[in-house]
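As structure tokens, here come the structures.
Same chain, two partners: subunit A is paired with subunit B first, then with subunit C.
What follows is the complex of A and B.
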């Protein structure tokens, strides 16, 4: 019973802060709301018997990725730049399209979603995850490490102003 | 235990909010944050189905999604910094050329 109360409380927190990301004009407030929403999602992972993933969500998402976002927002000094108002046509079409999309999604989930839970506990501690990762998924794991290296090189190349200027001179 | 389809409906709501933000906002970084929101909604679906079917593979996919989201955030934010240096705005309506 207590888990249902926790679920509804943190589901409401996640949805409200996610809506704040969309509705608030200041990107700093949006980024901090997104951090709060990610914390609520980490609670969802604990309820889904995946505490290791919950720790990873807090460390990687709320700790690393959102700090990167906040850093870029403050580096570009965007909180003083007023965002121009969206065109009414775009706003209307965006809200109606996303509402129709969401209703269709929830309808099909309610119609075809599975409801019966299997018996027995679900073992998903760090040991099980590590064994699965390094036995069945060793090749994608190495590919992801190469992808991250490529992303680092790409980010350095893109954000380096002098390198880009030199490239324009030669071409 | 909480039924799986409640988590799926929460995930659908979060994904819809992300879609709404991408369609209606014009600030590039806000659009990017909405994409992160959609990625997290999909992660929640993966974990919910991993518990439903007692399979560890859903959790492992969430790892890869997190790693790729980190790579995407690094490259995307570098693109926005580059765009801001050239155009002094990150309004996505202004960025209508591949090369400037």
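What follows is the complex of A and C.
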């Protein structure tokens, strides 16, 4: 019963703040709302008896990535409180695609009856995840690391091309 | 639904009350220590008028905070401006919940009393998760104040926290690898007893004495200063450059909350360093009896260690000047991050050779 209440409370928090991210005109408020939404999602992981994932969700997404986003937003000083609607085609495509995706999600969830977890004890501690990552899923794991490396090299290349990183101090 | 264990609930409430009381009292005591300590280091008397040794100065300060006018800048974002100080305080207060502060012992009723509020098996991750939320208080305050200096403070805080969180976490990974567990009570249990270093000295089995952990300790310790925004890394505040950084516009109790969260974060960080490297509640060369006496002694040992570290925080603040900002970034990314990774390799080697 208690977990039921907790679920619906944090589900509401997650949805409301996710909507805020899209609807709020101010980028900083949007980023902070996304943090709140991530945090509510972490609570969902706890309810699914995966506290390890919950902690990672908060550390990686809410803690690290969103701080970086906020840093960039604040550095660029995006102060225009209300941006005019300039690109109607893109806006239309965005709304319809997300609506279609949402409908498809609901349809398939209803069709295959994914409303509860299969029975059985779930172990999702650090040990299980580590073993899984380095044995069964070692190939995709290494692939992802190469992908990330490529992204880093690409970022370095782009920043070098603009000539900003030429002097020693900014590197 | 099974029945609620009321004794357990009562004990938890008691533990929360004790820890919360201790944490809330850290601020006035530390403010006094800081002011008297800085005076000691700078060879001047410091506050010595209110009460013996100026001990009641903190109460006078608190009264002053409450009586000051609470200002709200005209262009500030009201909601964020108001909740920012609270956001700073919550992580500082909650992270201490997973730190063990004494030796567990059996109550007369046969129940095991564990002096830790929440014994979760992901303890250390929970600390990093909540601690990473601490930066939002500063960033929000800096942005919502609608002040250039505040904004700079917030930007600097976010960049600095991200950089040093990495080396902090990686340094902690060394300890966790050696302990083989993410749970802080396990980390402490592993450090009880003693070992012989280089076939010469018999030392307590604390992580700080193990050769595999020396680099990790230095990296963690220095990064802890950056994470708590203390000098020499207090760039979010930097009064010489940014007036008062992120809390320039704050006054009254809102300012006091930032003040409190700084000192509480310091206390939490000291407790964490104690737990990870200084053996937690372990008393060196002494086997605590598994009863109430051993519990009391271990709590005293833990308190002494944390207090000593808190004093080091004050000592360093008044001894070392602030770095340059680019030096801070360089130190974080080019020195501490590689060092922390190297230390992980060293610990792995020690584990493989069974030296640990």
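By definition in this document, the second predicted complex is superposed on the first by the 125 of 171 C-alpha atoms of A that agree within 3 Å, B and C clash if a C-alpha of one lies under 4 Å from a C-alpha of the other, contacts with A are read in each partner's own complex, and residues count from 1 in each chain.
The working rule: a contact is a pair of C-beta atoms (placed from the backbone, for glycine too) under 8 Å apart; a residue touches a chain by one contact, two chains touch by 3 or more.
Here the structure is a predicted model, which is why all the values come from computation and not from measurement.
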* When the two structures are overlaid on chain A, which partner does A:125 contact: first (subunit B), second (subunit C), both, or neither? -> second
* Of the partners subunit B and subunit C, which touch A:95 in the superposed model: first, second, both, neither? -> first
* **subunit A residues touched by each partner, larger count belonging to subunit B or subunit C** => B
* To do: Mind working out whether A:19 is in touch with subunit B, subunit C, both or neither, as first, second, both or neither?
  => first
* Asked: If you stack the two complexes on chain A, which partner ends up touching A:4: first (subunit B), second (subunit C), both, or neither?
  -> first
* When the two structures are overlaid on chain A, which partner does A:75 contact: first (subunit B), second (subunit C), both, or neither? -> both
* **First, second, both or neither for A:140, with subunit B first and subunit C second** => first
* Asked: Between subunit B (first) and subunit C (second), which, if any, makes contact with A:56: first, second, both or neither?
  -> both
* To do: Classify the contacts of A:148 with the two partner chains as first (subunit B alone), second (subunit C alone), both, or neither.
  => first
* To do: For subunit A, give the residues common to its interface with subunit B and its interface with subunit C.
  => 52, 56, 64, 68, 75
* Structure fact -> Interface with subunit B, subunit A side, in the complex: residues 3-4, 7, 11, 14-15, 18-19, 21-22, 27, 30-31, 34, 37-38, 41, 44-45, 47-50, 52-53, 56-57, 60-61, 64-65, 68-69, 72-73, 75-76, 78, 81, 83-84, 86, 90-91, 93-95, 97-99, 101-102, 105-106, 109-110, 113-115, 117-118, 120, 122, 124, 128-129, 132-133, 136-137, 140, 144, 147-148, 150-152, 154-159, 161, 164
* Structure fact -> Touching subunit A in the complex, subunit B uses residues 1-10, 12-21, 23-27, 29-30, 32-34, 36-37, 40, 43-44, 47-48, 50-54, 56-57, 59-60, 62-64, 66-75, 77-82, 84-85, 89-91
* **Complex interface listing, subunit A residues touching subunit C** => 1, 28-29, 32, 35, 39, 42, 51-52, 54-56, 58-59, 62-64, 67-68, 70-71, 74-75, 77, 125-126, 169
* Asked: Which residues, counting only subunit C, touch subunit A once they are in their complex?
  -> 1, 77, 80, 120-122, 125-126, 128-130, 132-133, 135-136, 139-140, 142-143, 151, 154-155, 158-159, 161-162, 165, 169, 182, 326
